[in-house]
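Structures given as structure tokens follow.
Look at the two complexes coming up: chain A is in both, with chain B in one and chain C in the other.
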Partner chain A sequence: MAEQLYWEDVAEGMELPPLVKNPTTRQLVQYAGASGDFYEIHYALEYARGNGLEGVILHGALKNAFLGQLMTDWMGPQGALKRLSCQYRGMDLPGRPITGKGTVTRKYQQDGQFLVDCAIWLENAQGEKTTPGTATAALPSRSVGG
Partner chain B sequence: MAEQLYWEDVAEGMELPPLVKNPTTRQLVQYAGASGDFYEIHYALEYARGNGLEGVILHGALKNAFLGQLMTDWMGPQGALKRLSCQYRGMDLPGRPITGKGTVTRKYQQDGQFLVDCAIWLENAQGEKTTPGTATAALPSRSVGG
Partner chain C sequence: MASPSTFLTEAMRQQAIGQESPPVCLEVEKGAIIKFAQAIGDGNPLFNDEAAARKTSYGGLIAPPTFLRSLGQIRPDLPFDIPLHRVLDGGSDWEYFQPVRPCDRITAVARITDLRERSGRLGLMLISTIVTTYRNQFDEVVATQTNTTIRY
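Entry: the complex of A and B
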């Protein structure tokens, strides 16, 4: 069972627990079925290479979902993901691990909510941030029970 | 709208209308999602070649389904497919057309049903029967209305 994170436990500059992913071509095929995105660059090697890619590449929306998991794993069940966005700056390929990372950039209250902004990204084994983004989470506060 | 085939219209030795299929890797990925069979030989080229295959190959169950379509397209909406089986003798690859074919081998009545047995198969461009099988259909009869 996931532990619950409270707003009081968070400080600006804090790092999120890293999320290691080892994507496979099988996962891309499963994601194609789940998402309905059957573009061949995500599973057909010769097609991908014919389009100038090194190999088949991860769906951008799957990488976005990995970042969502980074946030929700950290927040715990009572947290709420208010906003998440990312940019696809670099390609990631199955067979190459990628790690979701993040830091808290701002901690604040607004409209009665206890909020944290985070810088988040996926990083490859070379330390390149292929998929940087930002997210905002609303957390429970110890000051209002919960 | 499909035309209806009646038992009286069928003669032993009659050929079924051929069914041409042009399978693609995309179709195999879609079939993987639909069937839950995510074995890599059906979409991952290097994995397939590493297993001694020429390339990714069609799911056997998909070829069985093509033969099912061969039969049901022919029978029309009032026909009933009573039995179908096939053997996977040869591999078929995406990008290579295959054609479903069949002939009526027996026409008979049994237990009040108007039945036809068929020899059916998938054939590649070289005329090789990669997937031979048999099927039995129950058809409506003009003698009992319809």
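Entry: the complex of A and C
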């Protein structure tokens, strides 16, 4: 189990540990099966090209899942994700690595919860943010015996 | 087929907003959670290992944040025919209220909350905002997902 992150350990401006992903067409097929999203643009090359795409593309929701993992890896097992938001601005193709990154934008307490807001995104090898987003996590606090 | 330059009237917009999907149900199986975690390449014990997850404050295995996409991206029917047949997912905004656990029975209902059109790189696009509410067997809202769906 990953180490636990406490609210006191976090500071605004802090960077999240990057999450490197190397998606393959095989993973897109696996994700299609697990999620039930069998839209052919994610695994059938001719179909994708017939839709004006360069090749098969990652499911947006898979990229959403990568950003979820970026957060849950960082938060540790006692953290709780409150919000996860992203927009699919650019397409990502299998065979091209993408990296999840993030920074802490706000640290605050609200309704008895110890919260942090983050700017998060996936970027490709060219450094383009194909999938920008935001997230809010509730973390345990040392002040309440977490 | 060339796309029309405009399609949506205010009357159509008002007709579409508020349209709801029929409820979609999912019995959450532990194996499905683990397969989902494997598919996204997430080895977190909370989503993969019951014994390890039991030792956490969650007390057992839970689903990863986007697992509810296993119910599909539910898109309520538009109350009119549209000349745009290709669909792209524009993004999602999730809010989480309760963890999703094995043996949960999730019921999801999706509702159109906005509809607008825009011309872009893909020609005329119809952009719907769809809010999906996921409830468990205790009638607790476990999550909401606000999705942007693009038809072009």
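As a working rule, the second predicted complex is superposed on the first by the 146 of 146 C-alpha atoms of A that agree within 3 Å, B and C clash if a C-alpha of one lies under 4 Å from a C-alpha of the other, contacts with A are read in each partner's own complex, and residues count from 1 in each chain.
Just so we're on the same page, a contact is a pair of C-beta atoms (placed from the backbone, for glycine too) under 8 Å apart; a residue touches a chain by one contact, two chains touch by 3 or more.
Note that this is a predicted model, so its numbers are computed, not measured.
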item	value
First, second, both or neither for A:Leu62, with chain B first and chain C second	second
First, second, both or neither for A:Asn51, with chain B first and chain C second	second
Between chain B and chain C, more extensive residue contact with chain A	C
Contacts of A:Ser143 with chain B and chain C, given as first, second, both or neither	neither
Partner chain(s) touched by A:Ser85 [first = chain B, second = chain C, both, neither]	second
Contacts of A:Glu40 with chain B and chain C, given as first, second, both or neither	first
Which of chain B and chain C A:Gln109 touches, first, second, both or neither	neither
A:Gln30 touches, of chain B and chain C: first, second, both or neither?	both
Set intersection of chain A contacts, chain C complex versus chain B complex	30, 33-34
Residue ranges of chain A touching chain C (in the complex, touch as defined)	1-2, 21, 27, 30-31, 33-37, 39, 51, 59-62, 64-66, 68-69, 71-73, 77-78, 80-88, 133
In the complex, chain B residues that touch chain A	25-26, 29-30, 32-34, 38, 40, 43-47
Touch list for chain C against partner chain A, complex	32, 35-36, 38-42, 44-46, 52-53, 55-58, 64-66, 69-73, 86-96, 99, 148
